[in-house]
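Presented sequentially are two complexes of chain A, the first with chain B as partner and the second with chain C.
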Partner chain A sequence: MDGSRKSPKPSVLFLYSMAVSAMAFIFSSPAALAVPAILNSILGFPLGRRSLPMKLVFIILIFNMWGALLNGIYFHNEGFVVLSIGGFAVRSGAFASFITLNLRFFLIIGATLLMLGLSGGSRELVRSLERDLGMPPWIAFSISHAFRLFPLLSRDYGELIVARKEREVGTNIFNPIVLKEVLFSMLSVSYERAVWSGISAELRGVKIRKRSMRGKIELQDLAVLALAAAEWVYAFFSSSLI
Partner chain B sequence: MGKTVIVVEHKAKYFLDLASEVVVLEGKGRAREFRELDEYDAVSRELDSLGVDASHVVSKRKDRNKKGWKVLEVKNLSCWYGNRDEEPLFEDVELELESGEIVALVGPNGSGKTTLLKAIAGIHKKCNGEVKISDENRKKPFYVPQVPEYLFIKNTLEEEILSLSKKTGKRIEKITEMLEFYEHRKSSSPYTLSLGQRRWLSAVIAWSYNPPLMLFDEPTVGLDKLMLSELFRRIEILKKEGASILISTHDPRVLAEVAERAYVLENRKLKECDPDEKGLELEEIAYGRL
Partner chain C sequence: MVRGMTDDEKKERKVRYTGIDLALLAVVGVISGIIFAGGWSIYYAVEAVAGPVGARLASYGLWFIGAPLAATLIRKPLSALLGETVGAFVETLIAPAGGITNIIYGVLQGAASELVYFAMRYKKWDSIAGALSGLAAGPIAVALDALLFGDIGSSLEMSLWVIAAMASGAIYGFISSYAAKSIRRGK
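This part shows the complex of A and B:
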């Protein structure tokens, strides 16, 4: 079966997203993060849009931007003045902090969306993590379940908005009260689903399942790993490590 | 192969001829064991008395006199899931429903029952054809999803009912008298109610909006026999309140016990059928005899 596949292995995509996300925690200069963040966002957002409710992602991005701005102004407002609003000066340090935090976020979410968009279903991900990386089944299941939640969250979100329209209550999730209610409903539905998924996995003997042999690494897998390596090399030479 | 198989099931009747032993968990650590299953009828009766669904469905007499006005008229309705140049999920659907009627919609998985309900509610848009709703207040039908939690918006039952009352103008007392568990569960999160209570709360939410038609999507999934009887009793209450109801279901008991008329959706076509006959047919399929 592996011989006929066109997309990279889910395990390779998982390694890619881990390697690229790690860059967000290791490199701190905007110069090092800019190209990987833009590249992963350009690739990840179109590929991952079927796996996640994009409207919700954008809302979270906007909240993140506000958080990053406030964080920059409170803790890093030093250096030369970039912007002056009334009597208040936004300095280069705040601006750099704002840019860095957002690049990190875009890098992580872009790489995650890229992985979700290309890795197929959760079953393929579990199998691939166990077979290729030798991951214990219960860890592979937990990771896979977390990623499987994204498409389910997307469906829940759609259904919740339909139900809210029927109930003639707000659906604009830019409104914090509506966002709180929608998130609370999504978490409540997801929690019950997670409990039953765990019980179902236990009953199906996830821990005692036999593992198959390792699969072959193909050209598309090497391309993904090479891309991760190239991003690391670029970031390394563009910035000094913390 | 010498394997031991344990089946956990509300509808024990479908497994009685296969089982060598039945254990009924009664709660509070109590359990009843049935090892002699040869006396099928006696065992069924006893299991039934313990709240286990162990007997065949029996059709109940239903008032099928059409007295109301046409609440719903669907003409030549075709719906798609993907592109419109692909084959439709179903086509040329014709359906009618009168006020105060309870009608069942059956069909195999993937036949488009949920999509049909959503198209009637105006939620599914990729459709051609006509859906006419007659309501003096120009209200839309209310779709009650299979996952009842989608309809909840507040953190406690009390807040949920307050918000519902504000939005619909229905008096709080009028709503809470439909919820017999309200007083002792009002501080609880609606998400922590039992499945039967959550399903009923979602139905009461729908009813509070006074829709011309309520569309229930698989309302009996996961309910044990006692909960199911409760649901049927409550659906009869809604009917007495003047509600018109279309229920999408696989459950023979819905057809035999509450549905006055039924439609079957299969092979992309909708046909009217006799609810009692269809109920028995679904029961036979569940027994593996068809």
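This part shows the complex of A and C:
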């Protein structure tokens, strides 16, 4: 089955995403970040549609841009005045920080969407991490199980909100008291369910699950790793390290 | 069977994660992953009104609750580290606002929280331990923010941010471990 695959291994895509995201921690100049950020955005955003709704991605990007703007104004508002709104001046330092931070966000999110889009879903990704990178099977089990719980938890949440409406108690979860009550109820139900699904898993022999064979590295995997290396080399030579 | 075991075998048996522990870890992963994803909007909203210190105080603890929640529910070595890491992994896959860097944050914050339980020799799992585990993750988060977001201020500002992050971690750590403890007690 592994020999006929066309897309790279999810574990290789995970390594790519990690390697590229690490650049955001190390390089700080826009010159070093611009090309990798644009490249990953061009590749990642169209592919990310396969695994995440684009509306959510755009909301995340708008939030991040807002955060980058605030961050620039709070921490780097120095230098000459670029923009003056009322009595408030946005200076060159804030503007440069806004650009750098957005490049980092586009780099990180683009690389992550690329990984999610090509890996064929969270289950495939977790399975590949277990098989190829040695993630312990019991951690892989927990992550896979967490994704199976999503529909159940959203159903519980819907029922809880209906019940709270009928009882005419608050449903606005941005109110900390309501949030605490909703969380407590969901945690309580989930605990019960976890105990029984854990017992069921034990009875089905979760302990003796064997690790499957590691797949071969193919040309497309090497191409992805080479791309990460090329981005690193580019960033290294186009900026000074912090 | 237990009577014939050596001390090492007994210790190994105690640390082994059962199916129930793994299912609980999954529950913590989903709940904390959703909270972590929501934490971004809370942080940005509060930062606009109350500045960096207020934002850290109001929201940073939300990003640390995976560790005390998992540790209080599972009560085994490494549960704090795993709770925070699985939560961060889930966050990355459902709403990657911070992309895969969430996992780096999750592992390091979880390791800091785990150190608290390790220092207590894995004997205390109460709300105080939960508060301390949240508190311990604060400096790590501020340090990573300095690297990734360039959040670097004067020494006074940095100290205030670390204190705010630690206080937030302690508050949310206390609340989450108290809730987890009540649920355990109720069953």
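Following the convention adopted for this analysis, the second predicted complex is superposed on the first by the 165 of 242 C-alpha atoms of A that agree within 3 Å, B and C clash if a C-alpha of one lies under 4 Å from a C-alpha of the other, contacts with A are read in each partner's own complex, and residues count from 1 in each chain.
One rule holds for everything that comes next: a residue touches a chain if its C-beta (ideal position, glycine included) is under 8 Å from a C-beta of that chain, and two chains touch if they have at least 3 such contacts.
Just so it is clear, the model here is predicted, and its values are computed rather than measured.
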_Per the contact definition in the header, classify A:167: touching chain B only (first), chain C only (second), both, or neither._
first
*Now for A:225: first (chain B), second (chain C), both, or neither, which partner does it touch?*
neither
*Applying the touch criterion given at the start, work out whether A:35 contacts chain B, chain C, both or neither, answering first, second, both or neither.*
neither
*Once the shared chain is lined up, is A:185 touching chain B (first), chain C (second), both, or neither of them?*
first
*Go through the superposed model and pick first if A:143 touches only chain B, second if only chain C, both, or neither.*
second
_Once chain A of both complexes is superposed, is A:217 in touch with chain B (first), chain C (second), both, or neither?_
neither
*When the two structures are overlaid on chain A, which partner does A:89 contact: first (chain B), second (chain C), both, or neither?*
neither
*Considering only touches as defined above, state whether A:133 meets chain B (first), chain C (second), both or neither.*
neither
_Most chain A residues touched (candidates chain B, chain C)_ = C
*Thinking of the overlay built on chain A, is A:100 touched by chain B (first), by chain C (second), by both, or by neither?*
second
*asked:* From the superposed pair, tell me which chain A residues show up as contacts to chain B and also as contacts to chain C.
replied: 184, 188, 192
*Using the touch definition up top, name the residues of chain A that touch chain B in the complex.*
156, 159-160, 162-164, 166-169, 181, 184-185, 188-189, 192
_Complex contact set, residues of chain B against chain A_ = 121, 123, 140, 142-143, 145, 147, 149-155, 163, 167, 189, 191, 205, 209
*Going by the contact rule at the top, pick out the chain C residues touching chain A in the complex.*
17-27, 29-31, 33-34, 40-41, 43-44, 47-48, 51-52, 73, 82, 86, 89-90, 92-93, 95-101, 103-104, 147-153, 175, 179-180, 182-184, 186-187
*What part of chain A is in contact with chain C in the complex they form?*
14, 17-18, 21, 24-25, 28, 52, 56, 60, 63-64, 66-67, 70-71, 74-76, 97, 100-101, 104-105, 108-109, 111-113, 115-116, 122, 125, 138-139, 141-143, 145-150, 153, 180, 183-184, 186-188, 190-195, 197-202, 206-207
